[in-house]
Amino acid sequence: MAESTDPFLGAKGVASHSTDVRFVLETRGLTVRAGGRDLLRAVNLSIAPQQVFGIIGPSGAGKSTLLKCLNRLIELTPGLRVSGDVRFHQESIYAANMDVDSLRARIGILFQQPVVFPKSILQNVIFGTRHLGKVPRKEWPDVAERALREAALWDEVKDRLRESALLLSVGQQQRLCLARTLAVDPEVILMDEPTSALDPKSTEAIEELILQFKQRRTIVLVTHNLAQARRVTDHVACIAVHDGAGQLIDCAPGDELLGDAQGDEVTAYFESRKRSKPEP
Amino acid sequence: MTTVAPAARSLAGNLPRRRWSATRSLSYGFSALAAGFVVVLAVLFVWQSIPAWRHEGLGFLPGKKWFYPQEQFGALAMIYGTVIVSLIALLLAAPIGIGAAIFSAEFIPRRLQLAVKVLIELLAGIPSVVYGLLGILFLRDWIYRALTPFDPLSGDTLLTAGILLAVMILPTVMTLCDDALRGVPSAQRQAARGLGLTQTEVVLSVCLPQAARGMVAAVLLALGRALGEAIAVFLVVGRQDNQWPANPFSLRPLIESGQTLTSKLASSETNIAYGDPLHWAAIVGLGLVLLAMTVTVTLVGTQLMRPREGHA
Amino acid sequence: MRRFKHHVFRFATGACVVLACGVLVLIVLAIAMRGLPAISWQFFTEQIRLVGADGGIFYNLVGTFILIGTAFIVSAPIAVGLALVHGVYLRERRHRERLTLLLYLLNGVPSILFGLLGLIVFVKFFGLGKSWLSGGVLLGMLILPTVTIALIERIASLPGKYVEAAAGLGLTQSQIIWSVILPQSLSGLVTGSLLGLAHAAGETAPIMFTATIFAGATFPHAIKESPVLSLPYHIFILAQDSFDPAVGAKLWGTALTLLGLVLLLSLVALPLRLKIHEEAHHG
């Protein structure tokens, strides 16, 4: 069993896989500073392929920040300094010869609020593919159909591909964003609380899709909903504010960590953990 | 000037009303002054130019000859001059202004953006007479020397005025295009980058299509400024009447002196015309034509800048 | 290939910025280099002699200050009135939009037409001859949109809580306007006026027929037939006859002074505008 010990907190991040499994994503001492304070400090994660890796924690702990570091989207936010390393297939994503744009095509991301471009549904789906240039133009409709089917949106929109995507409901828009990401065929999909803005039915739909995706892809899911984490994740990392910065305080297979959790509320969960664990 | 969104939260709704208030009367009174000014402007220009319209009929506009001692008043050559000079200015200023706005809004960090904004505003503040001075003392000679293969008569040409105008309207184009680009939500840029698009691809396929409307408005408003500029154009355009070319699409007139509506209005002829009703009416008629052109352009540009109705 | 296109695009647009900023720097440098030799205390305190070849620009400065001072007095109350009508009294959105449209249209009227209008109304109709007052009024109306829009935006960005608190205390609409809205929006009036006056100081066209002459005027003594000298008109006349080398340095000195005045007015407004911008976005 591969173990990593965090000396500050005395917690153990345990990967329950055999040592020769190659992790698809790893972070080593990932720290993000803004102004004078640390948003994230010394986060070490190892994410295995073809699983759903959950990141839970109270609001403001830095989960979204952490997620955006994984595909360097964090660089779009001015004023932040990132140190430490992130490795994708054992190669640092900060290497000098790393093409960030290609990296982001391989590590896709879905946001909390669906961001749909003011174009047609079809144009939205192939938006990423067309710029990648890997797929010839005449195959775009097929790529779009495949992606929309994978996102379970095809049946609802197949007759109105040329209509504006802004006319879709929020749940449909989120699945459209998912289809758009899938069309680029990424290995990893980062999801930042993808269902928190959606109604229960759409939430259920997305969760089902996530479970289907993990057969071929790796999902990193940030969520503040414990029940969702229980339903969907295989492995969970907890990020919480400690000593003024977001830090990894636990990392274990889902049922281990969440099995005895009371209720759905993440804050309550962390409160109860704080009470049960002695202060270091 | 920046765009004004109609007050989202009109304070009127929150305030208790009274039947009559001195403040309200004063406010409406002053506002009436402003409105009155605009009305008086329009009415007077129409009214005072009537003798000219009666004299030339509608031939005033397409009339090619302007020779006031013989009471010949045709505005076409000046309309032509105005249009050519403004077009040259737009052709030069629009690409550079748009390019500069794109770089400033998309490719540089926020603190540098502020510095560029301040610098460009200062450029916008330079008085037109100073531009005219620079045009006379520098640009005129450069153009003259550059045009020697074409055997020019002097450096005062339509081209000179156009180039000078281009520098003058560049800040307008840049500032308004910058505003248009900032109107595109950054969430969309983030989403596009998240898909793996390069910054340039994001600008070209996300930002520009959405900012296009505002950019067209910017260009139109800059055009309005160019149409109406008098002093700088007056000093370098050559002030040569009746330069209507045999072939309106040839480039020859660009390197010759010309006359625009504004350069004529700013000239001593306005004072000369003061005494003679017909001549005066013709001059005011030129002013009316200029007013119509600029109001139209400003109207279209302003309407384009308003947020689209029903846009999600 | 995609990266290459990105670099080319970035370079091309960057070149545009360099060009735009470079032109400005060159212009300012050209004027400064040629104008500085003429600048001296005497330059500002003496009057013109020898048709601009000697002496200073004292009365030109006086004239310009009189003109922009009058412009301020004319535009400020009207701007406040318009802004209050827009922000407080008009209840329907389309009325407000029409008012804004009117302001934009006025802003688009070429300044030479203001001069022409002044010729018709003040010189002809009222028989004032050339008068500083006509110039001031025309300039005031010219800058009215700038001042008004700055004020409108300022009022629109005021937090509603102050108005609500005052209304809760039982103040009437007028009292709220005078005790809350106007004091808090003063900064908008100041910045709008500074920007407008910077523009007005440099304008030649509205005043060349109606208010200013080249030489022979000092302080105006009445309203009728009382022109003033001015900086921009001085430059305008001399520029058309700029072959006399003795005139040259003085001409550039005048241009530098005018430029300095305009830049000073704009720069003074800058920190206030930055503060307003900050408050509007993070207040």
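Just so it is clear, A, B and C label the chains in written order, and each chain counts residues from 1 on its own.
Here, a contact is a pair of C-beta atoms (placed from the backbone, for glycine too) under 8 Å apart; a residue touches a chain by one contact, two chains touch by 3 or more.
If you're wondering where the values come from, they're calculated on a predicted model, not measured in any experiment.
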| item | value |
| --- | --- |
| Selected pair, greater C-beta contact count between B-C and A-C | B-C |
| Innermost chain, where centres are averages of C-alpha coordinates | B |
| Label of the chain whose CA centroid is most distant from the centroid of chain A | C |
| Chain A and chain C, separation of their C-alpha mean positions in angstrom | 54 |
| Cα-centroid distance, chain B relative to chain C, in whole angstrom | 17 |
| Interface hub residues of chain A, defined as touching at least two other chains | 101, 131 |
| Shared-contact residues (touching 2 or more other chains) in chain B | 198, 201 |
| Shared-contact residues (touching 2 or more other chains) in chain C | 2-3 |
| Residues of chain C defined as touching chain B within the complex | 2-3, 5-6, 9-10, 12-17, 19-21, 23-24, 27-28, 30-31, 77-78, 80-82, 84-91, 93, 96-97, 99-102, 104-113, 115-117, 119-121, 124, 141, 144-146, 149, 152-153, 155-156, 158, 160, 163-164, 167, 172-174, 176-178, 181, 198-199, 201-205, 208-209, 232-233, 235-236, 239-240, 242, 251, 255, 258-259, 262-263, 266, 270 |
| Contacting residues of chain B [partner chain C, same complex] | 1-2, 4-18, 21-24, 26-31, 33-35, 37-38, 40-41, 44-45, 48, 95-100, 102-104, 107, 116, 118-123, 125-130, 132-134, 136-138, 167, 170-171, 174, 198-201, 203-204, 221, 224, 227-231, 235, 262, 265-266, 270-271, 274, 283-284, 287, 290-291, 294-295, 297-299, 302, 306 |
| Complex contact set, residues of chain B against chain A | 109-110, 187-198, 201, 205-206, 210, 311-312 |
| List of chain A residues in touch with chain C within their complex | 99, 101, 131, 133 |
| Complex interface listing, chain A residues touching chain B | 71, 73, 76, 78, 101-106, 108-109, 111, 113, 115, 117-118, 127-128, 131-132, 166, 177, 180-181, 184 |
